[in-house]
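Shared chain: subunit A. Partners: subunit B in the first complex, subunit C in the second.
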Partner chain A sequence: MPAAGRTYWLTEPCRIRREDNSVRIERHDGTPVHLPITDIRDLVAFDHIDINTSALSLLNRHGVTLHVLDHYGNHAGHFAPAESMASASVIRRQVEISSNPAQRLDIGRSLLLTTAENLRWSLDTDLLDPALDALRAALPDCDTSDALMGQEGNFRRTAWAVLDTQLPPWLRLNGRTRRPPTNAGNAFISYLNSLVYARVLTALRSTPLHPAIGFLHSDTDRRRNTFALDLAEPFKPLFAERLLKRAAAQKHLKETDFETDVGRAALSKNGRKKIAALVKDELATTVYHRSLKRQVSYEKLIHLEALKIVRLCLEGTPYKPFRPWW
Partner chain B sequence: MLVYDTAVERNPSVLKVCRQYLHWTQRSVFQGELSAAQYRALMHDLSTAIDPHHDSVVAYTTRSPDMVERATLGVALGGPGDII
Partner chain C sequence: MNPDAYDSAEPLGGVHIKYLRHCPRQLWLYMRGYRPEADSDLVAFGQIVDETTFARRRHVDLGEARIDWVTAGAVIHETKSSRAPSPAHDAQVRHYCLLLERRGINVRGGIVHYPLIRRTTEITWDDEARDQAEGAEAAAHAVIAAPRAPERLTRSRCRGCAYLDYCWGA
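On to the complex of A and B.
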């Protein structure tokens, strides 16, 4: 796993090739770009890519994850390097914790409540307080993860309605829709959620934790990494809702950044670039971490979150999900 | 920042090593951020690629990227950044 390195955002159709034991990106227009392989932490592809075995094996050797997003911003999949951080004792504990209903629900509840509070924090309004109180009252009575997710759904619906009041009409969600998102606001949220999910997966690759053994989301959905979904929850308000609010307030997003059709919407080529730049800057933002006593970036916060679970597994340190303290 | 001046026949091998670690800026000039370990690895790889009696490689390092000011005239060559 590369210690340093950057995330590269591929916003245009391109071809990824291996050259000189390094990576060459070819686009339809313009000269090929050479990326130093040691500088790549992961690649996020927003558009069609073309890649071959020799490039993939090079990425694998250097522990680079490649995330692929589809046209509507759903996480279409990722190519991850072969397990290098595997540790049986951590995974065994993770499975034990996740199969113990009491512990599992405990973690699920705290994740949910923190997510709700983070959402309240990112929307910065009193309108959500009644919904938050209702959620607090309802959570102790939930004894299955489905019930928990139901409560989450209720809260989220209220929160999105509140978010709509802070957005210009063309960017309003009017109810969350996915696969495909029906309007510009939903498309934005879809993209951001997938990106947060991708960041969490990348962070999990640097720990021995297994991304599929989760606590909150039900694991009947066999094709998704439920644990990565769980850990992404508390971070979504920090990125998705807050960035949407900010981009709308600063008039950074234009209607032309989206390709809107009847009943479906996606980002345009220019919009993809804008979002990549937005997220990149946001991930690089640093805050002072009080117990580490130094500045850490948002990107690093996600990694620290994964390490908290490692400590829960190995040392039994109670897990307190991330909440913004600034 | 790294510059090299090597014999023609060894240019490609030096270029290949540099490309694994640094961004190409000009014909024999590279730049980029490396960790201490990566820097040592690069220097080691280069030392095996060059002929110490004929070639020369110079690397400039700074404590932090904030301490470098860069000005360019004419055509800006080199990478487009990390949004591609």
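On to the complex of A and C.
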């Protein structure tokens, strides 16, 4: 990964070509954009892209990841460079921790509880306090991952109902639906969750950890990189729910930004652009980090979260999931 | 067999010796696979200085170490992007001397080049230097074989280190 790379968000259909040792993005309106390869940390494709082997091998050589999102905002896949930062001794410890049921459940519990508290923080309401207390009471009795996920589901349902009270009628979730999302609010949440997942994957690839050896989600869960799903949890409220609330309050999103059908909804081309801009700004937002004693961006927070797990694997430092402190 | 046990006969490169002098903790983490150097602007800067100075000289690859270049009579040269000569750089060159001598080469000494301040430091190669190099090698093996990571140094000394986020970002 380049030292000073940035994420490029491809919101329009385009063709990615290699030109000498840089990348040329060709768009339908005929204005190619040249990107120096050393400036690219990763690419996120929101729309159709064409790419060929020579472009991919250039991306590979410079350690650039390409994330592909499908029409409904699901993470359709990613192209990752062949060479990885993986390290056998770290992965060995990761597997040991993950296969130890007690440690695994401990991490799962703290992830869930922190996620719930983050959600309460992002919705900024005391309506969730009873549900949070119920969750706190129920978590110690859960002795399987499935039981944990069940408790999480209960809390999430309450939280989404509360979120609905803060949204205009057309943007309400009315129950979370996925694959495909059934209404505008769900389409937004799906998109943001996929983006957070993609950011976590990119962060994990810059550490020696393996993205598939997780602690909370079950291994068979849609055969995804379960560890990336785990680490994405505490960040979802910071991005998905909070941005949805903000976009609604500032009337930033319009009904025309979504293509709503009977029983399915997706973002329109314009909506995708708005979301890309929204997320890009949000990831660049900085807060003062108290132990690093400097400003860090939200993007960097995800990287620091991955490092906590590296510390857990290498030195046995207890893992405390991310919680906003501002 | 304990998979995390390290073979002390395994040869060490210059980077190991430099890290040992810079911060033992960095060496320990490096050997266990945490290598964030690629993200560091300072490291990228060092690479560019290496590519753009003494460009006609050829690197000598020993497998475990890569010497910047060697001139007649076996004088070992090393380029540093730093503006401040440091004992870690000298130790690195002494280690290269040791590696070459073990390959049966009659080493005369070494020179560390600091192109940014246009200065050089000379390293003499004698019995005392050989003792130092062997001592550093043994110390590095001891750090690597330790089951726990060495303690952090004081924060001010970590300035500019690529491992800072890992060590201090709790």
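The rule is simple: the second predicted complex is superposed on the first by the 324 of 326 C-alpha atoms of A that agree within 3 Å, B and C clash if a C-alpha of one lies under 4 Å from a C-alpha of the other, contacts with A are read in each partner's own complex, and residues count from 1 in each chain.
Just so we're on the same page, a contact is a pair of C-beta atoms (placed from the backbone, for glycine too) under 8 Å apart; a residue touches a chain by one contact, two chains touch by 3 or more.
Keep in mind that what you see is a predicted model, and the values were worked out from it rather than measured.
Q: Examine A:P101 and indicate which partner it touches, taking first as subunit B and second as subunit C; both and neither are also allowed.
A: neither
Q: In the overlaid three-chain picture, which partner chain does A:P36 touch, first (subunit B) or second (subunit C), both, or neither?
A: First partner only.
Q: Using the superposition on chain A described above, determine whether A:G263 touches subunit B (first), subunit C (second), both, or neither.
A: neither
Q: If you stack the two complexes on chain A, which partner ends up touching A:K273: first (subunit B), second (subunit C), both, or neither?
A: Touch status of A:K273: first partner only.
Q: Using the superposition on chain A described above, determine whether A:R92 touches subunit B (first), subunit C (second), both, or neither.
A: After superposing on A, A:R92 lies in contact with subunit C but is clear of subunit B.
Q: So in the superposed three-chain picture, is A:E315 touching just subunit B, just subunit C, both, or none of them (first/second/both/neither)?
A: Touch status of A:E315: second partner only.
Q: Do any residues of subunit A touch both subunit B and subunit C, and if so, which are they?
A: 3-4
Q: Would you tell me which residues of subunit A are touching subunit B in their complex?
A: Residues in contact with subunit B: 3-4, 6-12, 14, 19-22, 25, 27, 33-39, 273, 276-277, 280.
Q: For the complex, which residues does subunit C have touching subunit A?
A: Contacts found on subunit C: 3-4, 29, 32-36, 38-41, 43-44, 148-149, 164-166, 168-170.
Q: Given the complex with subunit A, which residues does subunit B contribute to the contact?
A: 15-16, 19-24, 32-35, 37-38, 41, 79-80, 82-84
Q: Flag every residue of subunit A that touches subunit C in the complex, lowest number first.
A: 1-4, 63, 85-90, 92, 206-208, 289, 291-292, 303-304, 307-308, 310-311, 314-315, 317
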